[in-house]
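Take a look at the following structure, please.
Each chain gets a letter, A, B, C and D, in the order it is written, and its residues are counted from 1.
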Amino acid sequence: MLYREALNKAIDESMAADESVVILGEDVGRYGGSYRVSEGLFSKYGEKRVIDTPIAELSIVGNAIGMAIAGLRPIAEIMTVNFSLLAMDQIINHAAKFRYMSGGKMTIPLTIRMPGGVSRQLAAQHSENYETLYSSIPGLIVLAASNATYAYYGLKSAIFLNDPVVFLEHELLYPMEMEFKELKNFDPFKAEIVKEGKDLTIITYLKMRYDVLEAEKELRKAGIDVEIIDLNSLRPLDIETIANSIKKTKKCVIVEEDHKTGGMGAEIVAQIQEKCFYDLDAPVLRIAGEDVPIPYNRKLELLSIPTPDKIVKKILKWKAENGI
Amino acid sequence: MLYREALNKAIDESMAADESVVILGEDVGRYGGSYRVSEGLFSKYGEKRVIDTPIAELSIVGNAIGMAIAGLRPIAEIMTVNFSLLAMDQIINHAAKFRYMSGGKMTIPLTIRMPGGVSRQLAAQHSENYETLYSSIPGLIVLAASNATYAYYGLKSAIFLNDPVVFLEHELLYPMEMEFKELKNFDPFKAEIVKEGKDLTIITYLKMRYDVLEAEKELRKAGIDVEIIDLNSLRPLDIETIANSIKKTKKCVIVEEDHKTGGMGAEIVAQIQEKCFYDLDAPVLRIAGEDVPIPYNRKLELLSIPTPDKIVKKILKWKAENGI
Amino acid sequence: MNSARVKKFYYLMKLGREFELAAKREYMKGNIAGFLHLDIGQEAVSVGTMQAFDKGDVFTHYREHVLAIARGMEPKHIMAELFGKKTGVSKGKGGSMHLFEPKLDFYGGDAIVAGHLPIATGCAYARKIQGENAGVFAIFGDGASNAGAFFESINIASAWKLPIIFFVENNYYAIGTHISWVSPFVELYNKAKNYMPSKRINGMDVCEVYNAVMEAKEHIENGLGPYFIEAETYRYEGHSMSDAGKYRSEEEIEIFKRRDPIENLKKKALELGIVDEKYFQEADAKVEKVVNEAVEFAASSPEPEDYELFEDVFCKECENALP
Amino acid sequence: MNSARVKKFYYLMKLGREFELAAKREYMKGNIAGFLHLDIGQEAVSVGTMQAFDKGDVFTHYREHVLAIARGMEPKHIMAELFGKKTGVSKGKGGSMHLFEPKLDFYGGDAIVAGHLPIATGCAYARKIQGENAGVFAIFGDGASNAGAFFESINIASAWKLPIIFFVENNYYAIGTHISWVSPFVELYNKAKNYMPSKRINGMDVCEVYNAVMEAKEHIENGLGPYFIEAETYRYEGHSMSDAGKYRSEEEIEIFKRRDPIENLKKKALELGIVDEKYFQEADAKVEKVVNEAVEFAASSPEPEDYELFEDVFCKECENALP
């Protein structure tokens, strides 16, 4: 199943099952979504429930909050995470706070989908990972789908949770063919152990999962038995799964595409050292994007983010430096 | 000197020295600023340079960027940091990226001042610390003034730097009478060692400086000789000063008012463990705001943020737990 | 002028006024803190609108006590909220700026200027597709009419013919900023008139406000799309308790005080003989009692418990699902 | 119609068209990547506006190659930027969407829809207080006319009587969304007409565009405040290279192609006898040469060096000051 098909299936089935589910965003309707995620939904569910909006992100989210208050379950699509900055006030000051500041009276069952990440030469204004802008906010749930299975189950969970969820997708994953696993039990907040291993824990999420999987092959050749954890949920963070792994491996690397400073890695390191200080054999290594806006030129673009090759090199260097 | 007077003096002298310095924001002109920071400037410099804007934060920052492009040195005041979410797109997608994406051709000498923090019972939409929303962004400089001396010198530096600076102030500090030190050499990016000590490093910034100073008195009574570092600059982070202190004390606590998850503390911990892993006797302790929106009720509000009393208790507990 | 209606208007406006005067006193005593925005002078708007718009959803900003009272919220639960008590409408977590009561379709209480307008617009969209024609009432200040959120909302509401009334309380000031400095025109219905029927009314006259909203309500109920009303009004007090309002001349304030909505309604009703003096005395007495009870209730109510700090971040079901 | 001017218009429009056709070819070959938005069909707007607005500051969005050429930027440096080369106008860091040239007062190249409008407005404020009356030209699409940033800008420009021309290229589509679905009216000058002089023109006619901007320019230069022009136009291609543009009927595209700005200018000039066939042949040959040279220049230019990744985050002086 393609990644985007899994998302489409989750939305389609949710809309079929529950009349109150609606989707809104730029080009989500007649056009089928700029990444084809909402393809076919307009003709199936009609213009009332599949809503083409103007280019007005503040209103896309604001309108969706209003719909949620009125009893609908809106899925707001922000065309890419970059434009979500325009909707930040609605997401943070409104969606995330209404329940609390009303003493629990307001319920905002809202899903905000955002494609993001460094795609291919889209330059600084179209290539961002802003996950920590959301994962640092009380009142929000932040999920990040790296694969078709989680895309499907995670998005369905998001739609039917009664609280606001920021649902992150990665632009390079949409056309990828992926294995789809039928699940009996699904917990959207649980990290996935992608591969078990005993020497080293690598924590990652979204598209970097695949770069880590590539890197793992090389590391295996170098005799390192890696355990790979895909976070799935960025807020809350499944620190249990992480801590259990580190108790076993004693060593941890975080691979994220986002700029290093202030990225997800920072919070993960902070929680790890709180939970596993005495378990660690070496400092946690953060492999992340460089602290620069993303350049257009392909060579520079690739230099700005982790690649399988760089992941391997950095890990080997770090091991050598720390004598582990 | 009052904290707000130091800020006023910095703006006043900058405007007197350089015609291109202008200030814009809601109520900054005839009203004198909602925290009286721009008092007197309207009558002195006139409406062309002291600009009362509509309530349109996106435009306040956007307009200021345009002024900067035209050769002015604008100081944009966002009435409080909470409203800066509306200007996020201009700050991050524009101010922070224009230079890079133009290959160095565009220069944006812009200062964005933002009062923030948990003041007194202003509730969830008016009580935030959003510093990591900015300190995680390449292309921005983020300064945080905890005292009159830094307020004055730091703001002047910000105004005359040729890159965009987010300048954070704390609402509770404005009316505080503070010592003002004349400085010969000033580096806005250097952290301040507020107090030297040998047993324990406490890192803090903005209003928490004063809570830490209070707590220090108690800790001293308990025989702990604390070193206190006030960051001043949140991006870049003066990790040298931090690392040097930890090499000496072997123990570190971070005190921040912001919500713990994804706060400044996370990045600081991450950098500390990168630089000082083998120096630390215990995990770095983060004392921070709780992960909830800020409640109106005073008792709950105080429970949601660090106080001198809580700082002392948490440090003593942490010491005991780690046998240090 | 209908006698029963005038009585209701008078009672609610008076209750609003006295409630706020009491709140002001309690603020000075330190029983209320934070930002307290008084509606004094603007009661005709709060009462006239809510009496006319008696069904449908209401979205408002932080200057909202009288609106909430006129909508039917209990004064004692509002006062308790101002006191930050557990018995407050938002359990003491919201305060003056954040009154919410879904049971009355009253949705805050938003302290981000114009922030509630896209939300109200989205709610109107939902009501339209749900086939509920009572629609939405969104009220905001002159200052909000310069915000992107406002403009996007009138554009969308008009494009999609949504059942929503936009009601701007033009009291000329956004804190210390006069609308004429920051808007090309002071008559704000000009901002909407290309998008929807728009009119300017005297917001110091509760009957005029009531009639205008009744008309607007009919318009939206008939599926004719949005409607815009600008009411000229004035706040006698500063912007909030932390503002002395010194940027306005005594004369200007006097001019509006002469148009006081409560006094003038009473005078007119007496002149026309539709309500007698006795009613007003009784109403005033009742108001006094209700307000006193509200203050007592608030004062004697318990504080929230410590554990409540961590409640209401998410709904129970989510909280349980979370690790 | 003045012969010299017609020649200039023709040459620049043709250059724009051929430049973009070359860019399209190079994109297919893989020499250009990312988002490439072609202006084909809209050249009358890009050329007419820039020929009229020959002083002052220009702010634009991502569909900008022809505008940049008409402003005087070297085609080869633009093409090199599209190739991501060190010799590109933005050193290969910006790409097609981010062309900047402060020497020509040409400020991008903004890929956030409507994001450049508050910036242009602030620049106009600065020009006003600096006493430079050439003012500012801000161009954007129909899609941008629904954004809060657009509305705030016309409100502020009007309130402060700023020297700025707002120019909307109404090509009816924002990617696949027709303006009629998301705006209450398709004639977008209605959004501005309460705020400033506003008119709608035929954007397929370069002379009409030129004349309208000349008129607007006079207006802003005389300190009369902002001016709004809506030009009806059309892009023949999809939104960007990743969009096939299938949401539009062949007929619709044909109707506009019949109004092609380049062909029609040529035809008219020949009919009127103000420019002869020979000029057009020479111009076409020159265009071909310039475009070929641009492609060769781009192809043979070096890539940026690795270390450049870390340059231009801050200005040198700041970089040195930073720890």
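Criterion: a residue touches a chain if its C-beta (ideal position, glycine included) is under 8 Å from a C-beta of that chain, and two chains touch if they have at least 3 such contacts.
Computed from a predicted structure; not experimentally measured.
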Pair of chains joined by more contacts [C-beta pairs], B-D or B-C: B-D
Centre-of-Cα separation between chain C and chain B, whole angstrom: 36
Would you mind pulling out the distance in Å between where the CA atoms of chain A average out and where those of chain C do? 40
How many angstrom lie between the CA centroids of chain A and chain B, rounded to a whole number? 29
Indicate the residues of chain C shared as contacts by at least two other chains. 90, 92-94, 98, 110, 112, 146-149, 152, 155-156, 159, 181-183, 313
Where chain A touches two or more other chains, by residue: 53-54, 56, 58-59, 82-83, 86, 89, 93, 100-101, 123-125, 138-139, 291-293, 295-296
Category of the chain touch graph - line, ring, star, complete, other: complete
What does chain A use to touch chain C in their complex? 22, 48-49, 51, 53-54, 56, 58-59, 61-67, 69-72, 74, 89-90, 93-94, 98-107, 138-139, 141, 161-163, 187-190, 236, 238, 240
Within their complex, state which residues of chain C touch chain A. 57, 59, 88-94, 98, 100-102, 107-110, 112, 115, 117-127, 129-130, 148-149, 152-153, 155-156, 159, 311-315, 317-318, 321-323
Chain B partner contacts - residues on chain A that touch it in the complex: 58, 82-83, 85-86, 88-89, 92-93, 96-97, 100-101, 123-125, 132-133, 135-139, 235, 237, 259, 261-263, 265-267, 269-270, 273-274, 277, 280, 282-284, 286, 291-293, 295-296
For chain D, which residues are in contact with chain A within the complex? 33-35, 84-85, 90, 92-95, 97-98, 110-114, 143-144, 146-148, 174-177, 181-183, 247, 303-304, 306, 308-310, 313
List the residues on chain D that touch chain C in their complex, please. 146-152, 155-156, 158-159, 181-185, 190-191, 193-195
